[in-house]
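To start, I am sharing the structure in question, which I have written as C-alpha cells.
By letter and in written order, the chains are A, B, C and D; residue numbering begins at 1 in each of them.
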C-alpha cells in the first residue's frame, strides 16, 4: 500500500499512522522525495483501507499489489514529467531527442556535435566519459576531466547533458556537471548504485538489463524512487537473444507495456538496440509510433573514426533526417 | 551463383550451360517458376563470371554468397510484388491489411467479419480451419468444410483468403479454396511442406519459427522458390524469450533487416507477437514505421467469446481505428 | 482425469461410463493403445471421483490436472520400459547406448559402424536417411534405398535401428525397416506427424524442439500416446540460446525434471547438444549422472570425412572410451 | 601477447622491453600480481616473437589471440590451484565442497551449519551478509556485523568463508573476515568492483552473468587478474532462458569449455542453477562428471524456514547424502 502524507505533516501524526500500519501487520518504509512524503506498506494482510484513509495527515492512500509500488501507474495515474530546467521537459506532451557520440573524445568533437544539435533544436546531448568495456585493455573514456569539458561547452550553448555513472564514488564528482545520470544495462541491478542515485536526486535514465525483465527494470526504478528521487526515465535498449543478425533485439513491446505499468517516461535507444547504422532510423520511427517519450541515439561527425560503436552511429546528415522524421511521426501520433 | 536463362531456351543451350557450370566445379540446380527459368550454382570455387555470362541462352548472371540465393536482394534489387488477382497487390507501393479471427467458427461469424472488412476496404481475410494446438485435446478447427464455407462467403464478397496449411496432404484439398497459404511458426522448418508449396505455386505467407533466425526464415523461403514458386511473403510473428510480460517478443528489428536482405514482402503479425489486445495497436503502428509491407491481425465480433486467442483479438471498433491509423502512418512513411 | 477401462470391456459398459463422464461436464476422449484402453476426460468441474470409480468396467481412475495426462507420472508411477525385441529394453533398469553416423552414407560405412557397435556390445544404431537441412541445396540423405541397406546389414547383425521420419507419407514406406522412429527437433510440434506415429504404434524417440519447453515436449508425447502408442522416449538435444561458444545448450536440467513429470524414458543427445567433439564425453557422462536412461551420439569411422556433422562426431576410439566410461558412471548411479 | 618478466627485473631492463613492445606498435599493460610480473601487449601487428623473447629480463613470451590473455590456457597450460591456507586447496587434484545457507541469519544457525560441515569434512562455508535483492523492500542481509559473527565461529572451527561483496566500498570492511570474495551474477560486469578485487588480492569466486557469455565471464576474470590478483575461480550458476520449468538453466556445457579455454578452476552452483531442491543432487553429480573443480550449494537446518531461497536449499540429511555421492563421482572421474 502507498500512503501519501500531507506536506509538512507533524511528527506525532506520522508516528500514529506508522503505528496503525504496523498494527495491521505491515512493514512501513518512509520515503521522502523532492516532491512528496510517503509511507510504503509491505504486507499481505487484508485490511479496511478506510481505517487508514481517514487518519489525520493522510493525503491519499492506494493498494498496489505489484512488487514495485511508488512507480506504479495503479497508484499514480498521471504520467510523470521531468523538468531539466530552462524549459527542457521530458515526458507527457513532449518528445525528447537525446543525441551524441558513444564516447566523448575531444573539445572539437563536442563543439561539432553541439553545433549539429543546436541547428536541429535538440536540447540534450549524450556522451560517455566513463565507459564500461568488456575488456580491461579497451579505452575506458576520458573520465572526470572529459566530463568537465563536456559540461562547459554544453552549458555555454544551452544544451543539457546525459552521461553514464558506473559506481557510487563517482556520483559526488559528477553531480555538478551532469543533468541526467545514465545507468547502463550492466548496472541495472547494481543496487548500491541505485540507492545512491535515489539519494542524489538528480534525474536518472535507467536502462533495462542485458537480459532484464520489465519486472526487474521496474523494481530497479523503485530502488531509486524509494531512496528519495522521483525523476526517473526507463530506457529500452535491446535485449540479448539467439539472433545474430543484429547486436541486440530492440524490444519495442516494452514501450506500451511499461507505459501501462508505470507513470514514468520511457525512452528508446535504437543505436544499441539494433546496432546497425542503416537500420537505426526505422527502429527509431517505430519507437515513436509504439509510444516512446523520447529517443536516445548515437551520432558523430565521422562515425567511421569514432573511438567506439562506430558501426551503429549516424553521421550528422542521417541524424538530421532522423530528427525531422521522428518529429513528424510524433505529430501524427499526437493527432490520434 | 544464379543464372537466369532466356525464356524458352532450347534444351541444347541449357545443357551446354549446365556443363560449363559443372565444369568449374559447381553443382547446378535447375529451377522453373511461374515467372522464370534459373540455374542455381552451388560451390565455392573462384571463376570468371564473364565465361558464363557470355554463353548463349544466359539472360543474366549474379554471384550470391549467401546461403539463400533466389530470394536474395543481392541478385534481385527490385522488391517483389505479389498479385492475388482482382487488383489485390502485396508489396512495394501497397500496404496490405489482413484481418480476421484466429479460428473460423461459423457462417454467421464469417459474414460479420466480411462485413467489417468491406466497410473498411480491407481485401484479405485471415482465419484458421486447421489449427496447430499444443494439446491433442484442444479444438483443432472446422477443417475442409469450414474452409469451403469460408471461401464461398469471401468469394461472393470479393475478399481474398489466407489460411494455414499444416501438412502436404492438405494442399490438394485446400488449393481451390485458398488465395494465400499460411505456413505457421511450428512448420517453418517442415521442409517437405515447403517443397510441396513450392510446387503448388499459390502465394505463401511464411512465418518465422518460434525461435527462428532470419537466416533460417530466408532459407525456408528459398525452399519454396527453388521448388517453383516465387510468390512468397515473409512474416515476423514474435520470437520466444525469457520475458513473461508478453506472449512473444514481436521483433520489429526483423523488418528492415529482412527488407535489406531479400526482395520479398514482409508482413507483421502483432497479435501473436505481443499477444495482448491493448497493445496490438501500438505494435502494428510501429511495424508500419519500421517498413512492413502489411500487417496481419486478429479481429472478432466478440473477442471474449472467440474459440481461441481471444486475449489478443481486437473487436471491430478497435480494428477500425487500427486500420485508419495504420493507413495514416503508411502515408507518412511513403511521404519520406 | 484418466479412466483405465477393464480389458475387453463390453460396449454397453463403456457407453455408460462415457455418459457419466459427459454428464458431469467433461469431454471424453477414448484411447486404445497396444497396452490398454482408456478414457481421458477433459474438463474443470469438481466431481466425486468415487461415483466414477465404482462403475462396472472401470479398472482404475486418476485425476491429472496437467495439460498432458496419459504420459504423466501422477497417474502412472512406475517408469515405462520399452521392449525392442531380442532382449533390447529401454528404460528403468537399463542404460541404452545408441550410436552411429549423422547420415547413412554407404554399405561399407554401415558395416564398419556395426562392427564397432558389436565389439562394444551396443544394440542400437542411429543413422539418418531423410535429413532435414536448412538449405534446399544441401545433401538430404540416401532415402528409402539407404534405409533398406541400413536395415539389412543391421538385421543380419542383431542391431536395432533408429532413424528420423520427417513426414506422414514416409511412415508406411519406412515402418518395416525401422525399430525406433525418431522425430527431430524441427518436427517436435508437427502435430499431424505425431498423430500418425501414434497410430503406427512403433516405438518413437521424440526430440525436444529447438526452443521447446518441457511442457510442449510432454504435450507432443501426449499426442502420440493418445493416438494409440505408449512406446515413447523423450529426448533432450540442446536448446537454442544467446551463447555462441557451443552449438546448443545441452539442458541436463531437463533430465531429472522430465523423469519426475513423466513415466517415459529420457534419452540425451550430447552430440547435437554441445556440438563439439572434444566435449561430447563429459556431457554424456554428466547426462548419465543426471539420470538419463540412455545416450544417443554420433560416431563415424572418419569424422573428418562425414557427409554432415563431422565436428561433433566421435571416432571409434573415442566412442569406445565413452561407452566404457558411461557404463561405469551408470553402475555408480545404480549403486546409490 | 604475454611477456612474463623475470622476478626482480631491474627497471632499465623492463623499460627497454616496454620500448620494444611499443616500437612494434603494441600497447603494453604492466601487471604485477601475487605471483608474477607481466607485460600484456595489445595489438594486431605481425612481429617476430624471437626479437622479444631474446631480450634480457624476459622469462617467457606467448602469443594469445583471445580477447582475454592472462587467464587463457593457451598461455598457461597447467591448471591453477588456489591455496586458502591450512591445507585448503581449490583446483586440480582437489574437489571442493562449499555449502551453507543463502543468508546468514543468526549465531545458532551458523553453529548448526558449521557442525554439519565438520561432520562431513567440508572446509568452506558459504553464506550471504550483503544480499542483492530485486525489491528494495526485501531483507538485505545482516551486513558487516553478521559477517564478523560468521567469521568468528568459522575461524574457531577451522572453516573457510565465502561471501558476496556488492560494491567497492565494502571490500576494506570485509577483507579481514573473508577467505573468498564472491561476485554475484548481477555484478559480473561491474568493472569497478572487478578492478578493486584485483587490487585486493584475496581469492575471488566470479559468477557468470544472468545471461552472460563465457567470453564475458573470461574477460571479467581478466579484469581481476590484470589488476594484480591471480586467485580466481569461475562459477557457472545457471543462465536465463525461456524455460519456466526451473529457475535457471544450469549450463554444464560451460564446464568443459571453460576448462579448455582457461587455467582457472571452475565451480558449479546447482542450487541457483536449477533452483529446485529435489533436483539439486542430480545436477551436482552431473557437474562433477562434467569436470567441475567444486560445487557450491545451499543447505540450512530447516530450509522451509530460511529467510531466502528455501525452495532450493537442502536439509542436512540431503546435504550429507550429496557430499558422499559427489565424492564417489569425483573418485570415479579421477580413475578415468
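In this section, a contact is a pair of C-beta atoms (placed from the backbone, for glycine too) under 8 Å apart; a residue touches a chain by one contact, two chains touch by 3 or more.
These figures come from a predicted structure and were not determined experimentally.
Across A-D and A-C, it is A-D that has more C-beta pairs touching.
Which listed pair repeats B-C comes down to matching contact pairs by residue number; over half match for A-D among B-D, A-D or A-B. As a whole-number value, the distance joining the C-alpha centres of chain A and chain C reads 49 Å. Each chain gets a centre from the mean of its Cα atoms; for chain C and chain D, those two points are 38 Å apart. Once the centre of each chain is set as its mean CA position, chain A and chain D turn out to be 33 Å apart. Residues of chain B in contact with two or more other chains: 211, 215, 240-242, 244. Listed in rising order, the residues of chain A touching chain B in the complex are 211, 213-215, 239, 241-246, 249-257, 260, 273-274, 276, 278-279, 282-283, 285-291, 325, 328-329, 332-333, 336. Residue ranges on chain D touching chain B, taken from their complex, read 211, 240-242, 244. Of all residues in chain A, those touching chain D in their complex are 27, 29, 40, 42, 67-69, 132-137, 166-169, 186-187, 189-195, 209-211, 215-216, 219, 222-223, 226-227, 240.
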